[in-house]
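Two complexes, one shared chain (subunit A), two partners (subunit B, subunit C).
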Partner chain A sequence: MRKKSKLFVFPAFLIYTLLMIVPIAGAFYLSLTDWNGISAGFNLIGFKNYAAMFKDTRLHNSIGVTITITFVVSITVNVLGLFIASLLNNAGKITNTLRSIFFLPYVMSTVAISFIWFSILSYTGVLNSILESLGFGNIITDYIGNSKNAILSICVIEIWRTLGFHMVLYLASIQTVPEDLYEACTVDGGSRWQKFRYVTLPMIVPGITISVIMSIMSEMKQYDIVKVITNGGPGYSTETITYNIVTQAFGNNMLGYSSAIAVFLFIIIAAVSMIQLKAGSKLEV
Partner chain B sequence: MKYLKNRSSRFGNHILKLILILLAVIFALPLYITVINIFKPTKMISASPMSLPIPPILDNIKSVLQSPNVNIGQMYFNSICITVFGVGICILISSMAAYYIVRTKKNREALYIFIFYLGLWFHM
Partner chain C sequence: MSKKAVSMILAVAMMASMVSGCGKSSSNQPGSDMKEPANATEQPVNNESSTNGEDITLTWAVFETDNYTAEVWQHIIDTFEADNPGIKIEKVLMTGDSRPQFLKTMLAAGNMPDINIDPVDLAGTDGIYAEVPEELLGNYEDASIATYNGKHTLVPAYKALRTQCYYHKDQFEEAGITEEPKTWDEFLDICEKLAAAGKTPLMGVGASDIWATSFGWWTGVTNADIQKAYPTFNEDILSGKLKWTDPVIADSLNAWKTLIDAGYYHKGSMSFSYTQASEEFINGSTAMFMDGAWSAAGYDASGLTTDDMGVFVMPAPSGAKSYCTMPQYWGVSETCQNKEAAFAFCEYVLGGNTDIYKYYLQADGTYSVTKDPAEYEMGSIQTKFSENYKEYELIPEIMKMVGDTAIPTGFEDFTCKSLQNIFTGASVESELETWDAEMERLQAASE
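Right after this comes the complex of A and B.
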């Protein structure tokens, strides 16, 4: 029994080691070198790449942008997702229809979504022409051209894209809450809010943990929307960390340095999700 | 008293449903704009992006299908190939691995899960 079942994990382990562990280890190694991605040889330079990260204002800006996007998107998506899910749970007949509407954006490819939103948000786009035809011509702005609006636009697109997914996660965990607990709450004279606060919320803590972790991880790795909508610009002002890594590696040929940033990001994401897993298991009933 | 409470909660239900439907409409708007603008000429899109396409025009779809730069059959073939093989192999192998992991000792289970989590943390 034991031996046979060990064979079961072998293919996954092999593929995983070859395609995941080896490249990750390679990135760790490259982060200690000055390789430019083309030359045959490179030198080990120790932790100089990591030291250079402290002085790189372009990187600091991209960290700031990533943190902003992560905060705004993951908080909005989780709060709104939980809200919509708890409404949908007792909406009756229309539940299925509305659920598919909310989930639809997540099914489409991120790049296609970005192009749709680009045509809506650009200066000559749909939103501005609607505003103009409604007589609000004076509040027309460029939603992509300046960095503050562009980051907000990226947040809106990302919220629109991922909200359905998190809503379905919450809906699934709300539906596992046993009905008799709600009945007990009704007998005790609990209101709708009290049912949500004292029955639903404690029972879906594992679902909340997973949803929050997934949103934070995917926001910290944000790349495709930024690439399509602003291409990092104007200047470097809307670059995310992942975008920065890619341009440093393949635009500026500093593969060693970009590996160092990648390792840094990896450590942060790992730390954040570890903390959350611990906090989540403490809150569980 | 009970009757009153029931009625007020039913009223609340309707309001909540209304909020939901409103949210869904806002949510579906970008998709609506995309779909209706497929059937409009470019001039009409910038003039009135929200209006229904009357009369509907198939020029946009035709130009996609006939463009020499867009080989849509090949594109679909590539995507379907990746999806079928990727998902097929993934389901087979990951379910096998999961079967072993849930039947192994607790501390070793944590190790395996940690190894497989590494991939989630690293960005592609």
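Right after this comes the complex of A and C.
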């Protein structure tokens, strides 16, 4: 039986190895080289690429941008997602319809979303036009071309895009909480907030863990929206780590160096995920 | 036992289908005469071009703009195929703002198109592009032929004039401006008059079109200022004899900054894509727009004339009276399986069929590089654009020089970003301080 089960696991393991492990190992190997991504040959240079990362101020800036986007978006989508899921859980018959509506942005193409939001946020776009027509012309601003606003705009678009996904995750988690626990809390005189704090939250810790990890992983790899709307600009103000990786690899012909940055990103995401999983497992009921 | 056998067969069948799906075609690595061991990611042969005994199919990497529309490319393809039965051309659309980056990703994926437009960034690496037959090169002006590592791997396509300042004549009239500026002070005066008349003097570009933020100023003014002071600038900067923090460069960019700090640029400039900025300018949002020569052809094609739209050469603060052209090339990929047919296509479009060459040039307002020049009828705005350069000296464009005096790959994109930083408030000096270190880094990477 055990041999049979191993046999059925093998194809999935093979796919995982070929599509995940081998490329990651390949990236690590390339990170130790000076390959430009074009010529046939390259030299092994040890950890020089990793050493160069410490002096790369543009990379440091992109790390800061990525952390900012990750922090803002992850907290917002998880808090808002949980809040909306709690409301939806009591929405009765229209729960499913509302869930679909909220989930819709997540299934749309990120490039299409980017173009839509670009037309909204452009200086002469929809948002400023509406503000002007309502008599608020004095608060019109540049949401994309201003360095401080651009990163916030990216965060808003990402929140809009992913909120539905996290809301669905939380809704599914909330719906697994046994009704008996809520009834017991009611019997004990618990308020709505106390039910949420002492029943719902502890019971959905696994869902919270998954949702937070997924939001962090997703935002740390942010690229599409940045590329289409701001191209990392103005200047470097919205350049993310992934944007930096692509620029180094295909813009600067430094595939070895970009692989080093990619390995670095992989390690960071893995570390954050492991910390999150460990913290989550301690909080589980 | 039979259940076990069925399970075994199913498992083997699944594995076999996955392995066959993931199988690679044989590789035909460019530059395979290098002595280093095969790298970790071999590139499969480009099997887009194939010979089935009758038809040859070639893939052609093109890009689309307001001038180079899908119809333009299709017309060229249709005409060639009609004259060359047996050769089919398939368009590969280069998307994104960086065509070199697109080509590099295609190269990395093993899908390099057979014929590339804008191949300069990759031409410096041996083994990417095939050497051009000497008899084909003999059709082109000697000055247009590029040499990389002693080899000629690019087919000259055209030369493009670069930047001048377009303006709405009605807005100038309303602001009481009667003459085009000939000096930097006169240009500043015009900006002041326009602002005083409640008009926005200049259009800028931002959003994802990073190249366009500084394009007008850098190619139209700073390039002239630098070349006036240092005629061998590229050789000097690459050898370390000159630095990017040179006062000539700083002064030129600080002149640009005076326009920015004075608020002469449209407030929404940095949120406009190039297309958006062009539309806003045509609709009269600003009086002037420093833009490329291709727009002259576009304005002519849209029905505008010199009664509506004026154009003048931007006066440089240094007083330099010069202009630059950008050479453009095509390349045939070394992985192309039908190089003869590919070069035949290049020759056909780039001079072999005079009508098609003129059609290609006219689409974007570019100029012939054939020894026997191909000339076409230009509209009034493009004619004015060309005539404006009559007493100006032709100089190289620093960022577009090819061959051994080419700026390292990636540096131009870096400067575009840095110039955007200047546009959004950074100091010229602090930005220029980063340029030398970055150029050294990229030079080291390209060795």
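Just so it is clear, the second predicted complex is superposed on the first by the 285 of 285 C-alpha atoms of A that agree within 3 Å, B and C clash if a C-alpha of one lies under 4 Å from a C-alpha of the other, contacts with A are read in each partner's own complex, and residues count from 1 in each chain.
Definition applied: contacts are C-beta pairs under 8 Å (C-beta built on N, C-alpha and C of every residue); 3 or more make two chains touch, one makes a residue touch a chain.
Everything numeric here is computed off the predicted structure, so don't read it as measured data.
J.: Given the touch rule stated above, what does A:I120 touch, subunit B (first), subunit C (second), both, or neither?
T.: first
J.: Just subunit B (first), just subunit C (second), both, or neither: which does A:W160 touch?
T.: It touches subunit B, and subunit C stays clear.
J.: Is A:A40 in contact with subunit B, with subunit C, with both, or with neither (first, second, both, neither)?
T.: Only subunit C is touched by A:A40; subunit B is not.
J.: Using the touch definition from the top, say if A:G232 reaches subunit B (first), subunit C (second), both or neither.
T.: second
J.: With both complexes overlaid on chain A, does A:T68 touch subunit B (first), subunit C (second), both or neither?
T.: neither
J.: Considering only touches as defined above, state whether A:N89 meets subunit B (first), subunit C (second), both or neither.
T.: Once the two structures are laid over each other on A, A:N89 reaches no partner at all.
J.: Between subunit B (first) and subunit C (second), which, if any, makes contact with A:K6: first, second, both or neither?
T.: A:K6: touches subunit B, not subunit C.
J.: Touching A:I269, do we find subunit B (first), subunit C (second), both, or neither?
T.: first
J.: Can you give me the overlap between the subunit B contact set and the subunit C contact set on subunit A?
T.: Common interface on subunit A, subunit B vs subunit C: 8, 11, 15, 124.
J.: So in the complex, the part of subunit C that touches subunit A is made up of which residues?
T.: 4, 7-8, 11, 14-15, 18, 22, 29-32, 34-36, 38-41, 96-98, 100-101, 104-105, 107-108, 122, 125-128, 206-210, 267-273, 276, 280, 285, 409-410, 413, 417-418, 420-421, 423-426, 434, 442, 445-446
J.: Touching residues of subunit A toward subunit B in the complex: what are they?
T.: By the definition above, subunit A touches subunit B via 5-6, 8-9, 11-13, 15-16, 20-21, 24, 27, 84, 87-88, 90-92, 94, 98, 101-102, 104-105, 116-117, 120, 124, 126, 129-130, 133, 160, 163, 192, 217, 220-221, 223, 242, 245, 262, 265-266, 269-270, 273.
J.: For subunit A, which residues are in contact with subunit C within the complex?
T.: So the residues of subunit A touching subunit C come out as 4, 7-8, 10-11, 14-15, 18, 26, 29-30, 34-43, 57, 118, 121-125, 142-147, 227-237, 246-247, 249-255, 257.
J.: Tell me, which parts of subunit B touch subunit A in their complex?
T.: 9, 12-13, 16-17, 19-21, 23-24, 27-28, 30-31, 33-34, 45-50, 93-94, 96-97, 99-101, 103, 112, 115-124
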